[in-house]
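In the two complexes that follow, chain A is the common piece, with chain B as its partner first and chain C second.
Showing the complex of A and B:
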């Protein structure tokens, strides 16, 4: 899993390319924690190139959401692929997270 | 065949008991007795259902070589060398794996030993500070966040695994629906006579094999392999459910909280009143969005932002007014004081005063509580996602039930692959049994398998069967009372002990015992039968404390257990209720025989009841041996703290013991 981030106007975009599974989940958590610590608490995780996600990956996203919220910001997801969408529905996590079509739209309304 | 026959004869007997045999003049003993007998019949029928689908598995398929495994050894306060013996045995397991010591005691020496031997070492993260710890479930949940194996072998600190434990079990997971493989718990420090009833051969045998047949093999906390994906899924589903529940509850309570807050605020504090208006608008909007199906994170985020912005704006306005006042005062005073400058309210004071703990809203606790609950962070828990269930002190049963509820499959692998240590004194044993029973009743009251969603009918009944057996304490009291009442007072709860009675009762009892003999296939089950009746005070206490805990939020009651085997004299006080009952039974026999000699009662009734008393006394005699038991001799194992919260072996063999009680006592 390749992680990178870029600070935009009103948010920081994190790109997670590859498989977000039980092996890479702790890495994502750490990565996001660092981004939050560096001062960006409004975060969009761009899942455009995330081909696969399991429940551990999703669990890591929840952990990241908590970190962002505690820093006074928020975490949103964008460009979800079909397999990830399926996992979101299976665990009813789609009740918690809205998936936006693009990273730009994620914080579009505020 | 035998199962059907047992059920038919049992129903025949109980139906007759209810319809034709009740001695209504002595209803106060007759009705409880027939109720107790009905309880026992249901118990027998559930057992029959269990063994109906006995599943005798062949060897597992070949273990997939690339499967990644974390071996978790849970410990809290067990002696270091005991933990290390297990950990080093775990390290020698052949299939590639990582071994981790999950030390809830966070002992520096334990950490050092782990490092020295190249073992992983995990303690609770900082997130757990001041949060509910959830004992062993919390320990495992914490470790799940920092490890990455596809499968998890869970071992209690005293469970020494065989090197081939994974080779023999991982293969089951080639079926991608399998989430759990449980192997038996067997104790190496128990003599053949098993005076404390530690082994549970019926449970780790026909009962688990029967449950396996219904795809309901239980997770028993140790010696089991779990699929991480299933646990994480469970954690996520639970997280969503809890979050939504908490948000709905908060929104429902918000109206009245705001109304209440308005009353004392009156009109004299305009600022608070205005903020309350904003909160009301925000929560009303949140309610509408929730009904529209918008996602929980968006809803909560918006409420928080709206309220924060409103608070900030209003505080700013307030402060501006204050600043204006100050400037006015300064201007007035200039004439007198000269060049003293204008006091300034700093900008960051505005920030501070609008922050959560300083905001005027913070003063209104009820409203603040509503706003705090409108979050997706699960603020009351150390981590939002809790894969292992935390609703009970026996996390294993609740977790297994949820796994089954999500459609996963389970396997019971009937081969001893780990060797543990059982308690060696009565006090520790009683505490352990009490915890197991309490945990089971907690699950029954919090997530009753008969109504939980997702379970199949067979699975519902398999879980319910185990819970049902733990209610036996109440039936036992009635079974003790009935012969005492007859022998002392001559009152018979049945209309007559005629041929009508024996013709129905004896065939039922015979076929019932036959069922046990066949299902048990030569397994020694007598010890289990003895304990399930003799520990009636423990079962009753478990039911009452667990009910108080679930319904009224009372603590379960912390039973203090000595850390090491007691070295003092035998502790008869532990079994006081049983001694009282035994003495009463013995006295009533003597009185009964005297009454017979005096011609005050009939021979058949006296004979039946004296025989019944003798049976009860033989059953309870095991407690005498238990109290006098001096511990296991051949090897000199010392067992440290073997219970309590933390990572003690909170596993469920006791269910086997209670499940073994199938005599209906009458």
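Showing the complex of A and C:
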């Protein structure tokens, strides 16, 4: 999985490309922790190029959400693809990890 | 019994990286089975990866030899089946009840419940030091 980030006006966008599974989940946790530690606690994880996520990947997103909230911010997800959407719905985590069509919309009304 | 239309077999030391290798085998498999609808590919592949990851994360070796992961995937016109095995593993703690999803803030513990939601049947057998989970999804629907 390739991870990159860009600080925008009101949030930091993290792009995650590849499979979010037990191999990449620890990398995502570490990456988000570093972004939060650098002062950005409003995070959008752009999942446009994440074609697959398993329960390890979902666990990492939940951990990252907690880290962002503990720092006074929030974590939202954008551009969710069909397999990721399926996993979120089957685990009912779509109610916790709010999904937006684009990264720009995620904090658009805040 | 209908004919096997596509098959892949994988066996390796149970390391996190081998889950990626299983995923590549699955991607490759669909090229031999283009008739399988996208929805079935997505659900079945997710269940197989969850089961393989479960072996890597939780299987304890029975002896001084490390656990090996085996994945045998078999596609027929009317069914998708995968045998996910932990070779050389100790007997796992079996919970016969339906696994429940953990609370919203839990960061683990959803794998088995997710597998059950994705496939038609899940069976577990233990024979000669090998734990095998057989996942079946059928019938293949549009």
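By our rule, the second predicted complex is superposed on the first by the 110 of 110 C-alpha atoms of A that agree within 3 Å, B and C clash if a C-alpha of one lies under 4 Å from a C-alpha of the other, contacts with A are read in each partner's own complex, and residues count from 1 in each chain.
The criterion applied here is as follows: a contact is a pair of C-beta atoms (placed from the backbone, for glycine too) under 8 Å apart; a residue touches a chain by one contact, two chains touch by 3 or more.
What you see is a predicted model, and the numbers here were worked out from it, not measured in a lab.
Asker: Putting chain B and chain C onto chain A via the overlay, clash or fit?
Answerer: Chain B and chain C clash in the superposed model.
Asker: Could you say whether A:19 touches chain B, chain C, both of them, or neither, answering first, second, both or neither?
Answerer: Touch status of A:19: second partner only.
Asker: In the overlaid three-chain picture, which partner chain does A:86 touch, first (chain B) or second (chain C), both, or neither?
Answerer: second
Asker: After superposition on the shared chain, which partner residues are touched by A:71: those of chain B (first), chain C (second), both, or neither?
Answerer: neither
Asker: Based on the superposed arrangement, let me know which partner A:33 touches: chain B (first), chain C (second), both, or neither?
Answerer: The answer is neither, since A:33 touches no partner chain.
Asker: With both complexes overlaid on chain A, does A:59 touch chain B (first), chain C (second), both or neither?
Answerer: Touch partners of A:59: chain B and chain C.
Asker: Return first, second, both or neither, reflecting whether A:98 touches chain B, chain C, both chains, or no partner chain.
Answerer: After superposition on chain A, A:98 lies in contact with chain B alone.
Asker: In the superposed model, where does chain B crash into chain C, at 21-29, 57-65 or 201-209?
Answerer: So the stretch of chain B that bumps into chain C is 57-65.
Asker: Let me check the overlay on chain A: which residues of chain A are in contact with chain B and also with chain C?
Answerer: Of chain A, residues 22-23, 54-56, 58-59, 62-63, 66, 90-93, 95-96 contact chain B in one complex and chain C in the other.
Asker: Taking the touch rule as given, give the residues of chain C at its contact with chain A in the complex, in rising order.
Answerer: Interface residues on the chain C side: 16-17, 19-20, 23, 38, 42-43, 45-46, 49-50, 53, 56-57, 101, 104-108, 110-111, 113-114, 117-118.
Asker: Per the contact definition, I'd like the list of chain A residues that touch chain C in the complex.
Answerer: Result: residues 19, 21-23, 52, 54-56, 58-60, 62-63, 66, 82-83, 86-87, 90-93, 95-96 of chain A touch chain C.
Asker: Flag every residue of chain A that touches chain B in the complex, lowest number first.
Answerer: Residue positions touching the partner: 22-23, 25-26, 29, 54-56, 58-59, 62-63, 65-66, 69-70, 74-76, 90-98, 110.
Asker: Once bound in the complex, which stretches of chain B touch chain A?
Answerer: 145-146, 148-150, 228-229, 232-233, 235-237, 239-241, 243-244, 294-298, 301-302, 305, 375-378, 383-385
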